[in-house]
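Take a look at these structures.
The following pair of complexes shares a single chain, chain A, combined with chain B in the former and chain C in the latter.
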Partner chain A sequence: MPRTSKPRFNWLGLGFMAPALIVVALFFLAPVIMTGLFAFTNMSTSTGITGGEYLLTQSNLRALENSGVSDETFETLSTTSYRVDEAGLARLAEQHNQATADEFRTLHGDTVFTARRDMERALKDLNQNRIRSTRDRKAAAELFTSSVLDERFVEETDFRAALANAGINDADHEILVTEAFTGWVWTTENVELLTSLSSSARYAMNTAIYVIFTLAFNVGFGLLLAISTFYLSPRVASSFRTIWFLPRVLPPVLYVLMWYWLTWDTGIISTFAGYFGFAPRNWMLDTATNAWVVIILINGFVGASLGMILFSSAIKAIPSSMLYASEVDGANRWQQVRYIILPQLRWPILFTSSYQTLSLLTSFEYILLATDGGPGGTTEVWALAAYHTALNNYGGNLQYGLGAAYALVLVIIGIITSLLYLRFFNFRELVSKPRIEN
Partner chain B sequence: MTANFRSLPVILLLTIVSLPLVIMYAFTIVDTFTNTEPGSLMPNEFTTEHWRFLWSSDVGRGSVWVSTVNTFIFASTTALIVSGISLTAAYALSRLEFPARRFFLAGIIILHAFPTITLIIAIFLILQLLGLFDTLIGVIMVKTALELPFGIWIMKGFYDTVPWEIEMAGVQDGASRFMVWRKLVLPQVQPGLAALLIFSFLSGWSEFILPLVLAPGSDAQVLSTYLAYFLLDDSLEVDFNLFKSVGLFYAVPVILIYLVFQKKLMNIYGGGSKG
Partner chain C sequence: MQLKLNNFTKTFGEVTVIDGMDLTVNDGEMMALLGPSGCGKSTTLFTICGIHRMNGGDLHFGDRDVTHLPSQQRNVGVVFQNYALYPHMDIRDNIAFPLKVQKQDSATIKRKVNEIAELVHIPELLDRKPAQLSGGQQQRVALARALVRQPDVLLLDEPLANLDAKLRLEMRSEIRRIQLETGITAILVTHDQVEAMSMCDRIALMRDGKIEQLSEPSEMYNNPANTFVAGFLGNPPISFVNAQVAGGSFTFGDNTVAIAEALKPRVGGEVQLGIRPEHFGPQFGTGVTGKISFVETQGREDLYNVTLNSGGMIRSIQPAGERLKMGDAVSWGVSPEAVLAFDTSGDRL
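Up next is the complex of A and B:
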């Protein structure tokens, strides 16, 4: 790195960096760290992401059946009791009148009835303000129902107080509080799930298929295009390069739309095959093999252009004297490619492969648009699974925590690989070089 | 140089492998203005009905014009911010001495290689917490941040090619480093800046996943999600001529910009931004 005569400490440098640092920290480093944190929570649509309440329902009780909560507690929780408290009296005053409520307070204030019958009998004790009809008494009894079940508590202390009021054994409070909390909590469940689910292995397998085949296509076609256009006149070469470069420039959505039209049952392949009496079929989605072929082609036709550019500029850098010499020596074209051009492309090929491996591992844009993981999940790659788990699935319950765990795996791979690149490649050399245009 | 070899077989081979692309391009343009009998390949009548989405609002989700304006705001704002921030940060990394410079330099290389799309889940949750979910501002901020390491990297490459002698001369004449940057270095990197602006604009214009996840509502809808709605909604009747017209409408600015600025852009595309 060249320097001015005397390297000086310069605050201008930090000032110039500041805006970039702020933006990168906020929306780049923070997400990296947050992915790590979210991966260890059970966040989902149902827990929300901000906080939670305490709500115990019948289904919570079923979930607790074998967790050591005493039978007594279950009994208390599942039977409704009647408590003559201020809240209930206020409801009574509203339904009937204040006098009734006041009289009832003096008669049975702060009493708890466990059976409905007892509660109704207590209501009969009213003397000055009788509730005459049985139906009204039943309705009045309802006003005093007190249950921890199906009632929302915003604060943990309120919930604990309600448990104590209901006469539930202190030993069971802790587990009930944990179960009743509707917000998210820290957990290592996602990691366990990730390692135990058989679908994880399948996603990993799919990802391997996707990366290996696409990469092979990219490099192979990149080489083919770079070498063959090298042998053509500049005009012809540049038209072919433009044809192959357009997929990289076109918006992905339009590009995939073109493939829809090419492969679907109303598309051109089916129509063309129809001339020969074949029934129309959806070439993109009707079998798993077809889906894979189409996905690899979709990605490959975009990816090949990167190889094309990098390889082309590397070939241009070969001294023309070497090529002339080989021709004078009687080398045919194949020999020229094999012994002169290909050896020069070793580093560009290595660079393109490693660069694209990383971006293919984590990309899912084209698959999402084309097959969306179908048919039947056969083309669901790891990155797409993360997206589906956390951001978009048919079930509707988005599991942010589990999705983040899937993403975390990719983030870690990404960090390690980027560090390796920094170590092994002279990135500066390799990235800023290409100048292919004539 | 290689006149000893015949080029016809090569052209033939290239034509065959390029055929799917050429057919796709050609029919994308032709089909938007014509109708074709089912089961036939050749169009049989001229029509403008496939462009009805431009004036009738019952096609697609929301108005295409609102989406177009949104896309323009999104793409141009990100391009301006990315280029602006890269312009200073890259100069610092390329030419200025400041604490932890090496660390930042390594950081930018790592971030440049890092696959940003893996962060989408965390970003989704962060935007929800910040209340910026489903707003154009939120997507713009995220896109800017994710594009920035690339922008800085490219800009740094352009600064690196500016001869040191220019700056030295400026400093010798008593100008501050800031003045040297503004008056002497900036004019030198102007072509690079233009390329980065155009590239970021195109990148923003084509962006799909970020708007899809972070701004799914119809208010902040951009053209990529407007078009994707036709593809991803299974309940819609498949009308490729209509879809292609929308797609062509969406892609025309991209194609024009690419054709005009092709040479400028090549330097940047080599850096690779898509798999």
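Up next is the complex of A and C:
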């Protein structure tokens, strides 16, 4: 008798699933979430990924031009002032003696000198403890500088106090604090930058070229291999397939190295072409076209082997009687391929295309190893741009935040297309439910 | 068109599946290739249509030597056991396929497809996909596709094996009707003797890659060449007993069966007797005694197994009526004219 028990929560099942769930959380969810978070920060090498300090520099001031900060503030910030405060007096006591410091306090305690000349005169005009040498006076004056500029403050309150001390208008504090902060902050700048940079459009264009042509090569060549090996004797076919599988099992560095040997100006192609009087050239990096052809071939041969395996097994799954039937019906090889085999490979082809579109969108390792985006950025695809921005920048300032924003675009495209594919392929399953004979 | 296989040999690697077979199918004839599973029927069929190559011998369609021609050039129609319809094409395209690959113009294709659909009674199914058809309908489509380009021969590989009992009966007569209407030369491969006997003009009964006997169904039933043929045809099957020839009778244990006059000169010593169930019963007198060991009622008829007192068993089939029970002792007779006698190696005497 069939038992109709309610589905119960099964702890044992959860136990078995746990490792998989942890892996999913750790290696899939966490990176996605972190990418999403990083994308909305201005993290970079200079901000670090932990906290920050407050440091106002000349370049900050330049950045603040036209930002509404008052001219007085600029004036105050860019001129050095001298404040006779306890800290300065302590330094003076140390450098000279306590008496000098005490006298200076009595005469000028809490005075602010805005000109070095006035400060030095005040030091010179001490009654008992006159500092005679000009050099000593200059040094002593330095002890009282109270510029906010080029001064590091660990705490925001200190920085604000310094601003107030320097006599800077309260209205300008906020903007200065923001500008002076050296740590990372939340921002939507990256997204704005992405949409406004002309290089983004070019990366997108490059990615489209890369994905479309590589995919076409993958699928086309995979199909060609699968179909041609199908008609070979099994032993020849399997050795053929093994050969074409090599690019996939070879370590990428080694595989790309072989392409170097092939394409370098002292490489195989150049040497061979040399016999026919062609000047040697770098067939990988000479022109943008060269670079694209090489990149599409490098990736294409790797991808084609996957297509070949998938398509081969799909062809083998076609009942042999169906192929016999087509031959008996008079179809030649070409007609058999065209009318019987290809139509039945429709779903494997669609599946491979969708799957490889996704992986090509995010893959850049072969481009990185081969052209590194060159020549002159012509083969810089989106994923490679993300890598370069975030992890390997010539300038040395790695822009994690901007890089994450690049990556986030890929993540979003990836998730949307995956969901579409899932629906699409499930739908296919639904419509092909086996029918009951009547 | 006449089909002639000459000294046909087929090997798969080391294994010789068919060894020197001769077979002639006359123009317009429907020939059954009958035999147990694995005896080489499909191999023969696939060789005739060119899917397998012959390792020896030759094959003629009429005067045309097709031994070395590929399938595409042989002009044969084949109905495969699983029908092998193209799942991605609708029925119309399935049937049109042999014409399409010949690049016939679409008007001609359309006309021929409609004609053949009429012949096999499926004009209303043309726009469906194979997966939307029942087994019997798929069978008709497969027939239509095989016939649409008017092949020289039609080959059917176990066409009824995948159908349920009712459809099988229906398609049995349908295939025969279509074959007769088109007058095509056909070979039907089957392991089912009823199919072979009911559908075909002649039967080639095969065993282990050889034809044991080739004759018309009734001839093969009444005049089997050996015990294999006798045992293969007939349901319920023939019973065999070992007997001695003594004093004008076959004797086995305390049982005696008279020897027909015509048979007398040919028999002596040890023989095997083949007794069909319809030739053993009370209506043939007495002389064979035993106990009923099995009773089966088949509606119009009753089937009995009689275990002889001397050992061995003979089946009997009788019109339903007086019902005997298991264990009842009987003494029944055998029709002497109908007894088949074989020598100890199984050949007919």
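Operating definition for what follows: the second predicted complex is superposed on the first by the 407 of 438 C-alpha atoms of A that agree within 3 Å, B and C clash if a C-alpha of one lies under 4 Å from a C-alpha of the other, contacts with A are read in each partner's own complex, and residues count from 1 in each chain.
To be clear about the criterion, a contact is a pair of C-beta atoms (placed from the backbone, for glycine too) under 8 Å apart; a residue touches a chain by one contact, two chains touch by 3 or more.
This is a predicted model, so every value here is computed, not measured.
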Fit-or-clash call for chain B and chain C when the two complexes are aligned on chain A: fit
Touched partner set for A:E327, first chain B, second chain C, both or neither: both
Contacts of A:P319 with chain B and chain C, given as first, second, both or neither: second
Which superposed partner A:P343 touches (first chain B, second chain C, both, neither): second
First (chain B), second (chain C), both or neither touched by A:I243: first
Which of chain B and chain C A:A90 touches, first, second, both or neither: neither
Angular separation of chain B and chain C about chain A, which is computed from CA centres of the superposed model and rounded to the nearest 10 °: 40
Chain B versus chain C, judged by how many residues of chain A each one touches: B
Overlay on shared chain A, then closest C-alpha pair between chain B and chain C (Å): 5
Set intersection of chain A contacts, chain C complex versus chain B complex: 324, 327, 435, 437
In the complex, chain A residues that touch chain B: 2-4, 7-17, 19-21, 23-24, 26-28, 30-32, 34-35, 38, 43, 49-50, 214, 218, 221, 224-225, 228-229, 231-233, 236, 240, 242-254, 256-262, 264, 266-268, 271-272, 274, 297, 299, 301-303, 305-306, 309-310, 313, 320, 323-324, 327, 333, 336, 355-356, 358-365, 368-369, 372, 383, 386-387, 390-392, 400, 403-404, 407, 410-411, 414-415, 417-419, 421-422, 427-428, 431-437
Chain C residues touching chain A - in the complex, by the definition given at the top: 46, 49-51, 70-72, 74, 76-78, 80-82, 84-89, 97-98, 100-102, 131-132, 134-135, 145, 149
Touching residues (chain side chain A, partner chain C) in the complex: 319, 321-322, 324-332, 335, 339-340, 343-344, 346, 435, 437-438
In the complex with chain A, residue positions of chain B that touch it: 1-2, 4-5, 7, 10-11, 13-14, 17-18, 20-25, 27-28, 31, 38-41, 84-86, 88-89, 91-93, 96-99, 101, 104, 106, 109-126, 128-129, 141-142, 144-146, 148-149, 152-153, 157, 160, 164, 167-168, 171, 177-178, 202, 205-206, 208-209, 213, 223-224, 227-228, 230-232, 238, 240, 243-244, 247-248, 250-251, 254-255, 258, 262-263, 266-267, 269-272, 274-275
